Amino acid sequence: MKTSQLLGALLGSVLALGTGIAPVQAATTDIKIVLPEEADLLEPCMATRSNIGRVIMENVSETLTELDVRGKEGVMPRLAEKWEQTGDGAWRFHLRQGVKFSDGKAFGAKDVKYSFDRIFSDKNICESRRYFGGMKFDVKVVDDNTIDFKVDPVQPILPLLLSLVTIVPEGTPLEFVREPIGTGPYKLTNWTPGQQIVLNARDDYWGKKPAVTKATYLFRSDPAVRAAMVQAGEADLAPSISQVEATNEKTDFSYLDSETVYLRIDGNIAPLNDVRVRKALNLAIDRQAFIGTLVPQDAVLATALVPPTTLGWNPDVKVFPFDPEQAKKLLEEAKAAGVPVDTPITVVARTANFPNVTEIMEAVQAQLQDVGFKIDLKFVEVAEHEVYYSKPFKDGRGPTIVAAMHDNSKGDPSFTMFFKYDSKGTQSGYADPKVDNLIARASAATGDERAKLWSQLFAYVHDDLVADALLFHMVGYSRVSERLDFKPSIATNGMLQLSEIGFKK
Amino acid sequence: MLSFIRKRAFASLISLIGLLVMVFFLSRLTGDPASLFLPVEASAEMKAEFRALHGLDQPLLVQFGQYVGNVLTGDLGESLRKARPALDVVLEAFTWTLWLAVITMTLVTVCAIVVGSLAAFRTGGFFDRFSSMVSLIGASVPDFWLAIVAIVVFAIQLSWLPTSGTGSLSHWILPICVLFVRPFGIIVQVVRGSMISALSSAYVKTARAKGVKAGPIIFIHALRNAMLPVITVIGDQAASLLNGAVVIETIFGFPGVGKLMIDSILQRDFNVVLAAILVTAFAIFLMNLVIDLAYALLDPRIRY
Amino acid sequence: MTMAIPSTPTKDAVIAEEPSALSRVWRMLLADKFALCAAVFLIFVVLMAIIGPTLLTDLATKQNLRGRNLAPFMFDREWFMWLGADALGRPLLPRIIVATQNTIMVAAGAVVISAVIGTLLGLIAGFASERVSQVIMRLADVIMSFPSLLVAVIVLYILGSSIMNLMLVLSITRIPVYLRTTRAEVLEIKSRMFVQAAQVMGASSKRILFRHILLVVFPTLTTLATLDFAYVMLAESALSFLGIGIQPPEITWGLMISQGRQYLTNAWWLSFWPGLAIILTTLSLNLLSNWLRIALDPVQRWRLEMKGPKHG
Amino acid sequence: MADHLLEVRNLSVDFYTGTGTVHAVRDISYHLDRGETLAILGESGSGKSVSSSAIMNLIDMPPGKIASGEILLNGKDLFKMSSEARREVNGRRIAMIFQDPLSHLNPVYTVGWQMREALKTHGISSAQAQSEALRLFKRVALPEPEKALDKYPHEFSGGQRQRVMIAMALALKPDLLIADEPTTALDVTVQAEVLALLKELQRETGMGVLIITHDLGVVSEVADRVVVMEKGQLVESGTVREVYHNPQHAYTKKLIAAAPGKGEMHEPHATGDAILSVKDARKFYGGFEALKGVSFDLKAGETVAVVGESGSGKSTLARILLRLEEADGGTAKWKGKDLFTMSPSDLFKLRRDLQMVFQDPTQSLNPRMTVYQLISEAWVIHPEILPKAKWRERAAELLDQVGLSPEHMGRYPHQFSGGQRQRIAIARALALEPKLIVCDEAVSALDVSVQAQVIKLLDKLRRDMGIAFIFIAHDLPLVRDFADYVMVMQKGEVVEFGTVAQVFDNPQKPYTQALLAASLDPDPDVQAANRNARLTHRPENRSRFSKSTMRI
């Protein structure tokens, strides 16, 4: 049995060798996309994970709603045509008609309910479940094309949340699947693990037929290699390449990629529990010096953990200036007040967390040391990083700063603020009642009120609490073959809609 | 003969069991796969559910008992991340590695034997000094460094070969060439040393006294005698290739078992790690057996 | 009988004059120019490893974001910029020199630990009963097939990443090499006449093992360790390259290659120089090990001694 | 002049080494005719093999160089031929057999393959080569020649292997056969047979034979003429009888004088009780009985020689007496205590009394220890013998006693010659002040002249210190000058035991007689007589030979 498998695999690879000798120039509407990391699953309910989402999100599996990341339209219809909030805070969604799954089955309200039930099943661990923590759902099928969501507590941003839930046909196994069935414009036609994933355009798609007829995904971990492949014509699109490689104006585009780099401070431990020390820390870092050197020219200095496109982003909050003298003064003040500023502070960073992480952190270390901090820089691999980053924190730990990168491309701060600043947040280093209060109020509010409350929170966290040292909103670079018409967006990190790709005439 | 194989198999089985036990328990000391599989924002409950789903919440000994039970029925468990049987994942990757190793080692063996033998025939001559230098440098170059330099030169600057990945025959050239260098350097030196002593041996003198030509003296009389230490080294080198040329596979995006192993270790995908170790250890056992048989084949004085 | 070279011509007449050990080593080194260069280079490397960090650490860690990836061979600049600068504008030449200490220390530590443990186990395995020997050999098999990367991740996760722990990781994976070699040698030497002669004199097993057998195995082990030093250096740099070895801000040559990797297309020197340092060092070690193989063997030593400049 | 089959004229061969040029042979000349046998006699380092290597083109150049001279084969200068032509000469016109046929036969090919290769190299077809090989194997009287062709060298006994070599050499009926120490590693009876075979074949084919040897006995047995070499120079030549009876050169005289077996025979004179009394000692290796109940007594200051061919159990006896191996039966009383069953602590004390000198001093001295370390180790192990302060002094004394300069204490064994090394080994044994020394082939590996010196040393020690010896040897004449008693062993049994005079002058058992008859006497006249005597023993001889080969 096992030997026959092995033999089969051997034979298969011989064939692969034989057939792959000359890469036939396929139809001009076929494209190849080279990604840094292979999807280990193609599970629709895991599509919020970037390595999966880039392949299947809105290409194979669609959602009820969709966030407009290019314009200012906010949440747009996708599989739901429209929706409204009923009196008791529940939401009613009216579904699109005439939609078919790629296996031929018609799409209806029962599929939506099934998709929700599946997420909460104990037969799997769907990642999208995390967006609904602490919520009770009551999903009712009204008719084939109408569905009601009653959520406790009331969710003012439910339509936005539903942009994260992919719809699978009723009857999909509860366990993770490797061959997703969806309503999207493409279907999965080939997946050779370790080598490629192929999507083909569907003829029976409900919407506008996309220009790309076939997309082949390849995976290379080295950014230089990815860039070189587009240059050499081995691929048409490399959604993320490194800044160093992005040298060709015609093919290389930068985009704000919703990743924010920051130093998470554990404000429970002296001397970091002193706000003067935290302020000194912020003043000691010469953020501007990184721009255009270790951090791409187009990167933006951060004043909040969410990118400027997010609801409630506060333009009045200003970046801390680089002022080592002031920093030294603050440190002295703190020292005079009995704060143990000489305690060595451990800065933990993750290897290969973001481009140039080593150099950036070494530079930050040097800058901090220049104003008198004692810094131990420690690089760890992902599993260990997680131990430092998330609660429960270790007892008896020393003062610790964790360099991390946070991604929120979803337009609302709620996906960020609770986790990072609330006293119950898993990565929060603070227990500040005012922060907790603002987060609770903002999460429940709607419209302008919501934006205002978030704005207040951003200002408080940055200026008064000085919770962390925010660094940069990072920029990604894509290399796009000259025959393609495509501009990357803030969502490109987690989602790559093939329907947005056109061809230059 | 059979009893020899049986004895070897038994010894290997013991080693394999020891290996499994150590890897099983030690790897579980290296952190929680749940927090790696799930996003950082995931709640403690979700993590607990993940552990329950994969039986990671059980006491270690219970987990081990279950694992052993499953292994005995031929089930090596599922990959935590890929929702596929771990063995399938490993065999798929191992096939690639096997090809890479077989092709590389075949080339290495042939080239090293020819070069080493010729160098030994005229010790101290130009060819000898040249090949000694080349092989020494070959044995000294860090392969990952060579790999990235090769990519820059041949794939990026000259665009002769694809940068990495798989798909066509040309994709194999760079990885094989890079992997070739070090074993070649090492084996040439062993062949040379072994051939020098074989060529100065008494039976070669006899052959010369018989009037045998130089070619047959080198490649028939001396070589077969010189092969014993050489195949030991070939075996060692092949074993390290079978274990997966981790760095090279990573750099060239080659979906082999070495890359799978490092990925699985970093992701704490225990079942895949264990399956990968089992498969490679078994392959290495088979290879060592073949080498032992080759000893007997080459030298009639060795009988098992 | 022998015909290549007639056995030492001065056979019965006078016993070969014996110069002091040091001058003998020197003369044997002179006889092999490659080995001489290798030895000189290695001494230089070791010197750098010892004094480099104290002299140059400040220079090597001084960042200058405006001088990033400065190209090499700008001889009009200060000497330490001659090999260029890295992504933080730190001069490469002092960095390579400072990194020597970690690189050499890890390799040396790993070699010493693995050689001592491996040799001891090998001596025991070769001399003890069949059963003990089998247990040890199986243990060696287990270590051999234990993926070294997994060892690295386990040790570094549990004990944290440090130079000491990296030594530990690398030495664990190299123990079987010494173990097997020593055991094989012991098995062979055990049956030699001088061991029996010692037995006849009433020497204890311990004495035979350590005074007689170890003495004879020692040169083989020295040669092996020299060779292994090169291997461990490469392994260390590969680990650092994969990101599971030494972590910044500590530096080793392997780590420097890894850090320079992303700049290969536009600043090749970042990876090239440390790579060259590794090549030269391993090459020297290989050359020296080849020389040691001959120099430590009294039967072959004459080849070197005879080649020495004007002798007797 | 051109009539000679082979003529070596003014040959000088140099070897380049770092120290300068070594003149391996200097200006030597000799000739050889068809049907004639010429012996080159010399000790190790004399360069006796160099000229034959030059004939066969076996000298590696560099480092070797033919400095001058010519070698004429049937009047044609070999040095003027192309290397291809010389390759053709090798095997076809001149063939060669060597000492130690085991290492000179390729271990990984069957002897049949190697035979056929010799034939096919010179243009014989495969089928013909096969039948020819079989014929030759029959001719050299290999048992079961058909099967023998498919066997590997290690599956034969030493004598059979030399027969294979001879068959291979004679495959193409060469004009000249060079035999380089063809019988050195063989038992005496086998040696006699191989030499006889060579003579027989020479008579048949009329070839010239050039035999290179260190053994005067071999010269007197087979050669017509002899040339004597010393340190690369030809010091004497002439017919065998002339040279033996009327040596001109001092070196030749020394060689002839050193040949053992001509001195006075000892008469046992020791009195008192036996210090060692062996009764019925037995040893098994698996199912094979290596010692089948050996008994003898030894008094203080006495020497028992144990003589036998390989496989006779003589070394096993030594090993069990020294407890290097455990005996499987019998007793050996050392001063009343059975040393076979002695407790470890008693055994440890016994080690002082009982010492051993091994065959090969190169191997029995740890190459990494200095002479001082080697000797003083005895006192490290047995500290009660001597306080540490006196070690150096005593070591110097011992070295002086064995005839070595005490200044050499700091040197390593490889810096000494073979004979000197054996003296070191003896000094080491003496350090423990033993009562009995077991010498296991202690002088077999040494040159004849050195052999004589070492024997003289041992004899002196016996006289001065009253040490008893068990002297194990395969060579009878050697024993004759040194032993009090001789014990002849065969297949694990004592065949004959008696005083030297009894055994040598009046051997009782046929095996002893055969042994005596087979040993070669340096005197060509004596040897001729022996040869005639041996012919009468021949049938019995053959049967013993085949049995012994089964066993090895």
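Order of writing sets the labels: A, B, C and D. Residues in every chain begin at 1.
In this text, a residue touches a chain if its C-beta (ideal position, glycine included) is under 8 Å from a C-beta of that chain, and two chains touch if they have at least 3 such contacts.
Since the model is a prediction, treat every value here as computed from it, not as a measurement.
**Q** Which chain pair shares more contacting C-beta pairs: B-C, or A-B?
**A** A-B
**Q** Would you mind pulling out the distance in Å between where the CA atoms of chain B average out and where those of chain C do?
**A** The answer is 23 Å.
**Q** Chain A to chain B: how many Å between their CA centres?
**A** Going by mean C-alpha positions, chain A sits 38 Å from chain B.
**Q** Report, in whole Å, the distance between the mean C-alpha point of chain A and the mean C-alpha point of chain D.
**A** One centre to the other, that is 86 Å.
**Q** When the centre of a chain is set as the mean of its C-alpha atoms, what distance in Å lies between chain A and chain C?
**A** Using C-alpha averages as centres, the distance is 46 Å.
**Q** Can you list the chain A residues in contact with two or more other chains?
**A** Correct list: 222, 224, 228, 381, 383-384.
**Q** Enumerate the residues of chain C that touch no fewer than two other chains.
**A** 3-4, 153, 157, 261, 264-265
**Q** Would you give the residues of chain D that are in contact with at least 2 other chains, written as numbers and ranges?
**A** 58 - these are the residues of chain D that touch more than one other chain.
**Q** Which two-chain combinations touch?
**A** Taking the chains two at a time, the touching pairs are A-B, A-C, B-C, B-D, C-D.
**Q** Considering the complex alone, what residue numbers of chain A touch chain B?
**A** By the definition above, chain A touches chain B via 1-2, 5-6, 9-10, 12-13, 16-17, 20-23, 40-41, 43, 48-49, 122-125, 127, 129-130, 133, 175-178, 193-196, 218-222, 224-225, 228-229, 232, 234, 381-384, 386-387, 389-390, 415, 419, 426-427.
**Q** Mind pulling up the chain B residues that touch chain C in the complex?
**A** Counting only chain B, the residues touching chain C are 11-12, 14-16, 18-19, 22-23, 26-27, 29-31, 136-137, 139-145, 148-149, 151-152, 156, 189, 200, 205, 243-244, 246-247, 250, 261-262, 265-266, 273, 276-277, 280-281, 284.
**Q** Which bits of chain B are touching chain D when the two form their complex?
**A** 201-203, 205-213, 216, 221, 224-225, 298-301
**Q** Help me check something: in the complex, which residues belonging to chain B touch chain A?
**A** 30-32, 35-46, 49-50, 52-53, 74, 79, 81-84, 87-89, 91-96, 98-99, 151, 155-156, 159, 162-172, 250-251, 253, 255, 266, 268
**Q** Tell me, which parts of chain D touch chain B in their complex?
**A** Those residues of chain D that touch chain B are 56-58, 87-92, 95-96, 98, 100, 103-110, 117-118, 121-122, 152, 154, 165, 168.
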